[in-house]
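So, here come the structures, one by one.
What follows is a pair of complexes built around chain A, which joins chain B in one and chain C in the other.
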Partner chain A sequence: MRTLAVVVELGRRSVRQTFRRPQLIAPLLIIPTLLLAVQSAGAGRAVDLPGFPPVESFFDFLLAGAMIQSALLAGNSGGIALAIDIEMGFTDRLLAAPIPRFAIVAGRLAGTAAMGMVTAIWFLALGLIFGVTIEEGVLGALLMILLVTLSALAFGTLGAALALRSGSASVVQGTFPLVFVILFLSTAFFPDDLLLEPAQTIAQVNPLSFIVTAVRDPVISVFSGPELLEGLAGIVLVGGVGLTLCSMALRRRLRMG
Partner chain B sequence: MPAIEVNNLQRAFSADVLAVAGIDLCVDEGEIYAFLGPNGAGKTTTVRMLTTLLRPTGGSATVAGHDVVEDPAAVRTAIGVALQEAALDPLMTGRELIQMQATLHGIPRAEGRRRADDLLRRVGLTQAGDRRVGTYSGGMKRRLDLASSLVHEPRVLFLDEPTTGLDPVSRKAIWEEVQALNREGTTVFLTTQYLEEADQLADRVGIISAGRLVAEGTPGALKAEVGKPRMELVLAAGERTDCMDVLSRFGDPLPPKDGKLMIEVAEGSAAIAPVVRALDEAGILVESLDVVEPTLDDVFVAKTGQHLEGADAAGEPGTGETEAVAG
Partner chain C sequence: MGETLDRDLETIRALVRRSANELVRVPGAAVPGVLAPTIFFLGLTSVFGSLTLLPGFTTDSYASFMIPVSMLQGAGFTGAAMGVNLARDIELGLFDRFLASPAPRWVLLTGLVISAAIRSIIPATFVFAIALIVGAHFPGPAGLIIAYLCVMGTATIAACWSAVIALKFKTQSASPLMQTVMLAAVLCTTAYAPQELLTGWLATVAEYNPFTQVVDATRQGFVGGVSWAGTWPAIVVIAALTVLLGFLALRGMRRTAY
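This part shows the complex of A and B:
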């Protein structure tokens, strides 16, 4: 119970920190929102291309991509914030307290997951305002929020691992453009059938594609168990790799002092 | 049982970088122990090992009866730590920081809120408690850091250079708080590079240089080891050969230095009046006269052959210096 209280407290601090530092909150909401607006307005007729899945509008198709982009950026922002803590010695304050070491990372990840939930709600609201219909209704919307929250948690493990390994906010921030590379090499913004090689092959094995598809599913079609399971598997894969890297980086940092 | 016991403690960062090269020390319950040394001497590395932030590569240490390697969780429960450069989140308020610290130590939320109020009052930050730490002055940050380290009423308090970079008024406020805590029974282990801080605060001082403890004792005993107070005179109108005849009646002559005549004066400042009278009677005009007590810097010089960095700055050394002008 005590460890849970610590994780909740550190998670709360993490969320507060994100809202109080504009350079952390802005990328989560503003960049994906702008990209969503520009893409849906500028390439709206993409839905008429042969092979494009049947959707009401390109905006409907892009919504899940924007959510996952935001979740990825939440993971990156969480990593930056953790690296700032390390740089300014705040992590030492936590390490000198009688709490399990993993609680320090877990607290940060809880905050990142909470930010993922906030962004999911933001984009759902945005979608509803602009006429998106969630085919699977309220349950579908809740499922989307859950998946985006879990995705942020999984992506947060990668940001945290990088922060723990490098101890440098600028190094973590330097991976920011990679978010876009990974996204454009997935089905976040375009169906894989319409991508050129080698992007098509990469998108077909990119775990992000499975996650985006699972989040998109309640918007554009009826619920599909296999797609949900594939999405969850993608989240578990990313989170598993991230947690392993986190654990290695934390052990190394504790050893080095 | 000693509050801190250290045996041949070592920390190597690589094969040829030995930051702490085998330190032995013992700090009793209720003592204020100052670890004095220049930058890079190994003070912070030692504190990081004693607070379980860094694993020793050799030797052993116990804090509050718990081994820092075998039982680090018990050590962390018993200690309070205020690290160098006040590791505070500028985006948190002072109250949020103390309440978070309370949660880290397993204190229930309601009790954490009460302690935050008490501690903010104690360090004079009640008004600023709900402001973000980023708006605090350096002195306020240090006081907040100190307050947050006390939230669980630790038995042993570690302060790593608690007043570095602070103005004299803020420094004095921290000293008073440390002394008050010590009177309440808290053992304090502090590192400092300020001679005056060690001299004023500490029951005992350990002087560290290049990762080794080169001297240890009470400030008075350490200074007594390196000599008696000395009187330094500059004559008003050239040398007078008979001056040393007069001065030698009051103490053993020392070799002149930089145009100053010097004698040892065991009674310190008390020798000023009789010396001035004797010189006046002999018709010897004096431009300046100082009594210089040995300082911890003198101890450092005697033990290492080097001065402490900044020892000549801001009146840090020569705190026992008394100046008089006679003529």
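This part shows the complex of A and C:
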């Protein structure tokens, strides 16, 4: 019970920290919103291409991509904030405190997941304002929020692992462009049939494509069990790898002092 | 008069050398400015390459269509990076010492702006080379010269804008504002598709966004031919925005106490 209280308190601190630092909050909301707005209008005629899935508008198709982009950036921002804590000595103080070590990482991840939920709600609100119809209704919207929150948690484990391994905010910050590499090599912005090679082949096996498809499903079509399971499997895979790396990095950090 | 000008030019040269030193001493500092436009270029070309199949698209090579945007994006980031460096100098108190020196304000700003313009050649050249490798058309000598002039002009505008923000907020935390506005300025144009194929709000914004003229002028040699009619609007836009933002940056310097 006490451990849970520590995780909740550290999570709360993490959310407050994100809102107080413009360089942490701006990438989460401003960049994905800007790209969603520009790409949906700039490449809006893409829906006329032969082979494009039937959608009301390109905005409908892109909405899930923007949400997952934001979740990825939340994971990156969480990693940067954890690395700043390490640089400033805050993590050392937590390590000396009578709390379980995993609670330090879990608290940060809770904050990252909360930010994922905030961004999911932000994009859903934007979507509804700009005429997106969630085909699966309120349940579909809740499912989207849940998937984006879990995705942010999973991506957060990767950011946290890098922060614990490097202990440097600039190193974690340096991986920021990689977020876009992963996004461009997935179906976040375009259907895989219309991507050019080699992006098309990579997108077909990229776990992010499965996650995006699961989030997109309630918007553009009816609920599909297999696609939801594939999306969840993608989240579990990313989270599993991230947690393993986190555990190894934390153990190494404790061993090295 | 001549002696004063010589001294001012020497100060500008010293500021440009200082900026170049950073590249030599911290080569990693140039990496984000090079990496981001390259990733965007390769990514957007792979993702939106099929748009050339739409009737009315002006080229069959999306790499040729997108490369000018990526070159200008690199210039925007480079200019913004100069603003971040200025904010860092303000935070560390170094800029106060510059202001207390006998160098006029316009000299300090010019040193900053010229550094950005010169440094913008690095990401532009890198992404241009990548574009040629992946099959973008060579724009010809005239097209290439115009493209580089537009790149340096955009970096100048970005440096002036970032200086305004750095002098207003006096903190590196304002860097997202510097970068995002430049990104938006370049993307809210005909960046993704020709004007006739844009939809919704962007069709209107791109029509009136002055940066559309710069994007179109940079694109001339890559897609279609080079003409004076396609070039002069970009020159006017770059000159006007440089004067306006330069004036605001100088006003910001005058208001900065030391």
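The rule is simple: the second predicted complex is superposed on the first by the 257 of 257 C-alpha atoms of A that agree within 3 Å, B and C clash if a C-alpha of one lies under 4 Å from a C-alpha of the other, contacts with A are read in each partner's own complex, and residues count from 1 in each chain.
Just so it is clear, a contact is a pair of C-beta atoms (placed from the backbone, for glycine too) under 8 Å apart; a residue touches a chain by one contact, two chains touch by 3 or more.
These numbers were taken from a predicted model, which means no experiment stands behind them.
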Chain B and chain C placed together on chain A: clash or fit? fit
Discussion item. Contact-wise, after the overlay, does A:61 reach chain B, chain C, both or neither (first, second, both, neither)?
Written reply: neither
- Looking at the overlay, does A:6 come into contact with chain B only (first), chain C only (second), both, or neither? first
Exercise. After lining up the shared chain so the two structures overlap, which partner does A:21 touch, if you call chain B first and chain C second: first, second, both or neither?
Worked result: both
Query = Is A:89 touching the first partner chain B, the second partner chain C, both, or neither of them?
reply = first
Looking at A:181 after the superposition, I want to know if it touches chain B, chain C, both of them or none. Which is it: first, second, both, neither?
second
Max touched-residue count on chain A (chain B vs chain C) belongs to chain C
- [ ] Answer with first, second, both or neither: which of chain B and chain C does A:255 touch in the superposed model?
- [x] first
For A:99 in the superposed arrangement: first (chain B), second (chain C), both or neither?
first
Taking every C-alpha pair between chain B and chain C in the superposed model, the minimum, in Å, is 13
Residue overlap on chain A between the chain B interface and the chain C interface 21
Chain B partner, complex, touching residues on chain A are 2, 5-6, 9-10, 13, 16-17, 20-21, 85, 88-90, 92-99, 254-255, 257
Chain C residues touching chain A in their complex are 31-32, 35-36, 39-40, 42-51, 53-54, 172-177, 180, 183-184, 187-188, 191-193, 197-203
In the complex, the residues of chain A that touch chain C are 21-23, 26-27, 30-31, 34-35, 37-46, 48-50, 58, 174, 177, 180-181, 183-185, 189-190, 194-196, 198-199
The answer for chain B against chain A in the complex is residues 48, 51-55, 73-74, 76-77, 79, 81, 83-85, 87-89, 91-92, 96, 100-101, 103-106, 132, 148
